[in-house]
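To keep things simple, chains are lettered A, B, C, D and E as they appear, and every chain counts its residues starting from 1.
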Amino acid sequence: MSFISYLINGISLGSIYAIIALGYTMVYGIAKMLNFAHGDVIMIGAFVVLNMVTLAGVNPIIAVLISMAVCTLLGMAIEKIAYKPLRNASSPLAVLITAIGVSYFLQNLALIIFGADAKSFPNLITLPSISLADGKLVITGTTIATIITCVIILLGLTFFVNKTKQGRAMKAVSEDKGAAMLMGINVNATISLTFAIGSGLAAIAGFLLCSAYPSLTPYTGAMPGIKAFTAAVFGGIGSIPGAMIGGILLGVIEILGKAYISSQVADAIVFAVLIIVLLVKPTGLFGKNIQEKV
Amino acid sequence: MKALEVKNLCISFGGLRAVQGFDLSIEKGALYGLIGPNGAGKTTVFNLLTGVYKPDEGIVKLEGKDITGLKTTAINRAGVARTFQNIRLFKDMSVLDNVKAALTDIYKYSTFAGIFRLPSYFKTEKLMNEKATEILEVFDLDKEKNILASNLPYGKQRKLEIARALATNPKLLLLDEPAAGMNPNETIELMNTIRFVRDHFDITVLLIEHDMKLVSGICEELTVLNFGEVLTKGKTSKVLNEPAVITAYLGE
Amino acid sequence: GKKEDSDNGGSGSSSDESVFKIGGIGPLTGEAAVYGVAVKNGAELAVKEINEAGGIDGVPIEFKMEDDVHDAEKSVNAYNTLKDWGMQMVMGTVTSDPCIAVQSEAANDNIFLLTPSGTAVDAIKGPNAFRVCFSDPDQGTKSAEFIADHDLGKKIAVIYDSSITYSKGIYDNFVKEAKNQGLEIVSAEAYTTDSNKDFKVQLQKAKDSNADLLFLPIYYQEASLILKQADAMGYAPKVFGCDGLDGILNFDAEGTEGVMLLTPFVANADDELTKHFVESYKSSYKETPIQFAADAYDAIYAIKAAAEDAKITPDMSASDISDKMQASMLNIEVEGLTGTIQWKEDGEPNKEPKAVIIEDGEYQSLD
Amino acid sequence: MKKKISNNMITYGMILLFYVIMQVMISTGSISSLLQGLLVPLCMYAIAAVSLNLVVGFSGELSLGQAGFMCVGAYASAFFTKLTEETLPEGPRFLIAILIGAVVAAIFGFLIGIPVLRLRGDYLAIVTLAFGEIIKNLVSVFHVGVDKSGIHFSVKDAASLNLDEEGRVLIDGPLGITGTPKNANFTIGIILLFLTVFIVLNLVNSRSGRAITAIRDNRIAAESIGLNVTKYKLMAFVISTALAGVAGVLYSHNLSTLNVKFFNYNTSILILVFVVLGGIGNVKGSIIAAILLTALPELLRELQDYRMLIYAILLIGMMLFNWAPSAIAFRERVKDKFKSNKKEAA
Amino acid sequence: MAMLKVENLDVYYGIIQALQGVSFEVNQGEVIALIGANGAGKTTTLHTLTGLIPSKKGRIVFEDQDITKIPAHKIVEMGIAHVPEGRRIFADLNVLENLKMGAYTRKDKGEIEESIEQVYKRFPRLKERQSQRAGTLSGGEQQMLAMGRALMSKPKMIVMDEPSMGLSPIFVNEIFDIIQEVSAAGTTVLLVEQNAKKALSIANRAYVLETGKIVLSGDADDLLNDDSIKKAYLGE
């Protein structure tokens, strides 16, 4: 019985990683950059929801929508100011470092605006929890909401990227920006849209993250960001289903590692599994192993 | 002994049989051509010969020694060097260093000697410079030896690739479309260079080319590939006049 | 220092000779910023009060706090910056590891150091270093004693942060003392700062071990998550914690009913001193002070008391000040927010811990 | 060729000049405590940055685990120093400690490098990051003590080491190692930095270095000319980790506390920031960037709460200025104008 | 009335000047060849034309509209298609998807299928390989795809950068036939070629580029018989 309950724990933790990883992988897949500031956009999103609800007394759903709008604009602004000028830089690492700069910036901005102390995040998800086996197994409303949201986003993104014109434009841009322009694709707008979507998702992720673990500081996004990055790589970075599966697996491994091996070295276990998976499958679970044609 | 002997080479990609039952046998010191329509499998043959792909079937022998299925690195050590259809230079290195990189395992000193600048470093580096310069002179690249490879004009980049391949001291040199992107004058110059290299360095050359002026100008024998299979082979003049080759490849 | 005037509690624009320069060091940015900021606020409040009341024997205090991002190396940088500023005494550092590094520098330079909240044993290794808070071993030992004395439970489960000195330090000593007190540790599960969100596994194990009491030698942010997750699991153990739990009521009172903690400071205590402090803190900083702020407040008053006892003057060298202060620290008794404190030779404070229990969202004395 | 040599000379000269200026300032007492305290860390960061540049710049692999190797070097050497604190004289002891730090880090680099270097790009990055975190996580559960009966070891707590009366705990879990003597000083730091630069520059300009850069530029072509990709990649990686270990030694022998917390991915990333900001493959740039970005937050202290915010903005600004193609074009134009002006003036 | 008018173009890469005062004209329905040695600036000219790189000076007018500062994707919408040097096909997409990308700007959804069939008719090999990942096509196959993809936008004018590079002799002829067909169907063609002889033989007029400057221009037939051209570019 405890195994199943651990499994459920793992899935609920993993679903949080998954939802963050989806945003990560979306941006990576198109813009081919590791947006290290993604975790911090999540944090900003959560602060927006918190302040809307507690200070302005806004309805939670509207608060989340406002937060999505704020994050979308923030994401687009970051892209325009900090990333776009480096798009044609001679090394892709340049924009990675700038993303780190943006991450520091957002953390310290939040520190000044919202203060250093942890804020308790209100419980805004009113979905009832499910009790199984005479209450021995409980799936909380937040977990259910997270998983449902995750699946919706997964399906939505998959449809969007594969079936819409904008989605196809994204694929083209991700491969060769010059050639994409020659197809008549507005590359700037497409990348901007990618960041808009990724950051909008970050707002949702921030809300769900803080609903599940209701403690919010300017640094709340950092570690989940890294874990989600790990999850995205685990699933094959750039792959949308990979991010979801990677996230959930990561959560499950973390919980089972804690439960059955050692809670002190749970982090090491997670990373060790990641390494083993990558050694066996160098491009992650769902990553395409593309051989360069010689 | 033949320079190269290939028997029944096969490879498929998914369902696509890219190369089927490919046989080839080249005399030492020959200048041999591999031609065929686009997508016939010529580059794939090169990739099989150099270990980039492992053949599904078949045997490759270099001067009698079986090199089938070896790694690219080992095959080069055994004596096969190549150029690429899409140029692959060490872009951020100087022209001279591109060639010296190819001399890495020919002129040796220990890494320790390199770091701490022991006498063997200076002695060997001097030899390497001389050797590399000598090769660059053949290709008329010695004046550009200190500029970055990526700053060379296209034609010279192709030549540098040949020079680099040559520096590994090969028995067999594989050239994949060496004249692509060159204008007629440059092509003529290249033909002379290839001939000179073959004679001067005492090697065997196998080349892929679509420029018939070059093929008929320097190749002694040809194999024609079509849909992954050998269409015909023989003396250049004879092959180029075969109706099958004309319909499949040459046109008119 | 011209610019500092605005934020050092109004020390006046005195020249270097006529002020005592006290340097504060702690994390004002980074993940531990909440503790550093609390210390800064508490200390500034005390400095302001003292200066308004005429300073230390008529000499005002100038206080300057530098950020160390909770990093030992940056802490030493902050210390050196303050030295360049002319610091005569250190009030810091806030967190343990940086404090170990800084106190070793300060011992070399012979500068007097009083840490409000550095709990590690080595944080006050030198003869020049003292502290206001309890040390980790103290808290671990006292917790075990208290639990045994008050018969709160025989079988104990522990959840602690194995990656931070504070929590690990208390845990280790708790385990040691528990044995002496005849307590049985039935489950001891760790977590790390890198995975401090989900505690269901640790809770499940505590639950399965049929413990009478859950001991949480951790900080309140994680404790709050633990309590909520326990609640969601339908697990309602008796909970006992240390001073790190203080602050939990301001953070989120949900699920804290019945939690007991050993803390020297209780923000809703009804003695005049606390009331006054909490009130002025709230009016200055718009939040309820946590124990770190109280420790810092006491630290400044302790410095005042010792300085007055030592009869030091601002024109003395930092080293002379240190020598005198060291001696005087052993003479003074401070009626502080965190208790009535005397100091021992080794720099440790001698004070009584208070144990409280949360009832109706308020601390109630447990004794 | 000539240009490269003179460029290297500038790098060495710069280090020497820095040393001389600092020494003069120290001996005349005109150096601030802050700057004096920063000297060893500056050397440490510079060494770490140069060592990472060997992997990122010359070998072309993205490694996010450099702090993990610094951690290994720091712990191994500090452990040795503490162990022999009473038995060995300070000078030789520190020398051996440096060697131990380098060798142990190199061993870890080798063991980790073999499986991991098969991966590419971002996948390699995440795996090195993962290894860094694993090292950090594992090291923080170690408790090691020593008494008359030898070295004791536990992953539980210090108490279960069962040391006798005289016993000392050397590594105490998350508390790490405290009280390591402060053996590192500026002169040693500069010597080690000098040595690091010497090793990296000479390696790069040698036979193996050419192979390493060739593999970076085009792996397939490198294989086609007979270069053993694994061997050379591993060589760069192991030398880099050994040097990172040396940086770790400086760290642990400069502060009296050693704790794994410092060696997390943030530090690895910070070192990467130095490398990229200074120019990938540019050793001199790595050193300058390391010094600049280490000193910057200290210089910004006056800004109080806005310090790190301004730091972030400056970092972004510098990155854009250094890397954005439009900024590069602008700089070149200005340089060009400046040159032609000078010519006209002459 | 010229369909495309290029006036006094100056283009720089950093501080290196790649084009100096390049001017030329293309009339509706013409086939214009642009020839020149390696590094002369042919590719640069085409890139500037379709907005991939900015010009420092000069003006480009297409159908009476100044397009000098217009972004590349809008220029495509206006009816110029570009077959870029090095093919630049989307390696990760399959052949069919690549072709569909070519029709990105088209609004007439229903007719896209038809255009695909037309391309397949011209390049039967592409039909055989329609679901192969484009990156694994042979060099020549990729060239066909690049050409087919450009045609998918139904351009008024098509600019091609060395379309015959790497093609087999029979296919070089075929490509030139196709260019003529495209031209005959009403599309204006601007052709950059290393194979000057072939290019001149199908072109109406030609311009010769040398180190960033137009040094010669005229009727293609005249140039074909020009001695200096023969020597420099035709290898005779």
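Assume a residue touches a chain if its C-beta (ideal position, glycine included) is under 8 Å from a C-beta of that chain, and two chains touch if they have at least 3 such contacts.
Chain labels with UniProt names: A, D = Branched-chain amino acid ABC transporter permease; B, E = ABC transporter ATP-binding protein.
Keep in mind the model is a prediction, meaning the values are calculated, not measured.
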item: Between subunit C and subunit E, the fewest steps along chains that touch one another; value: 2
item: Shortest walk length in steps over touching chains, subunit D through to subunit E; value: 1
item: Most distant chain from subunit A by Cα centroid; value: B
item: Distance between chain centroids, defined by C-alpha means - subunit C, subunit D (Å); value: 34
item: Length of the line joining the C-alpha centres of subunit A and subunit E, rounded to whole Å; value: 42
item: Between subunit B and subunit C, centroid-to-centroid distance (C-alpha), Å; value: 73
item: Chain centre separation in whole Å, for subunit E relative to subunit B (CA means); value: 31
item: Junction residues of subunit B, two or more chains touched; value: 43, 52, 84
item: Multi-partner residues of subunit A (at least 2 other chains); value: 108, 111, 264, 267, 294
item: Multi-chain contact residues (two or more partners), subunit C; value: 28-29, 162, 192, 194
item: Each pair of chains that touches, named by its two labels; value: A-B, A-C, A-D, A-E, B-D, B-E, C-D, D-E
item: Subunit E to subunit A touching residues, read off their complex; value: 50-52, 71-74, 76-77, 81-82, 84, 88-93, 97, 100-102, 104-105, 135-136, 149-150, 153
item: List of subunit E residues in touch with subunit B within their complex; value: 37-39, 86, 125, 132, 136-141, 143-144, 162, 165-174, 194, 196-197, 232-236
item: Interface residues, subunit D side, partner subunit B - complex; value: 1, 198-199, 202-203, 206-211, 213-214, 216-218, 220-229, 235, 281
item: Residue numbers on subunit C that touch subunit D, as the complex places them; value: 3, 7, 28-29, 66-67, 69, 71-74, 76-81, 83-84, 97-98, 100-101, 104-105, 120, 122, 125, 162-165, 168-169, 171-172, 175-176, 192-194
item: Sites on subunit B touched by subunit E in the complex; value: 13, 16, 35-40, 43, 85-86, 153-155, 177, 180-188, 210, 212-213, 248-252
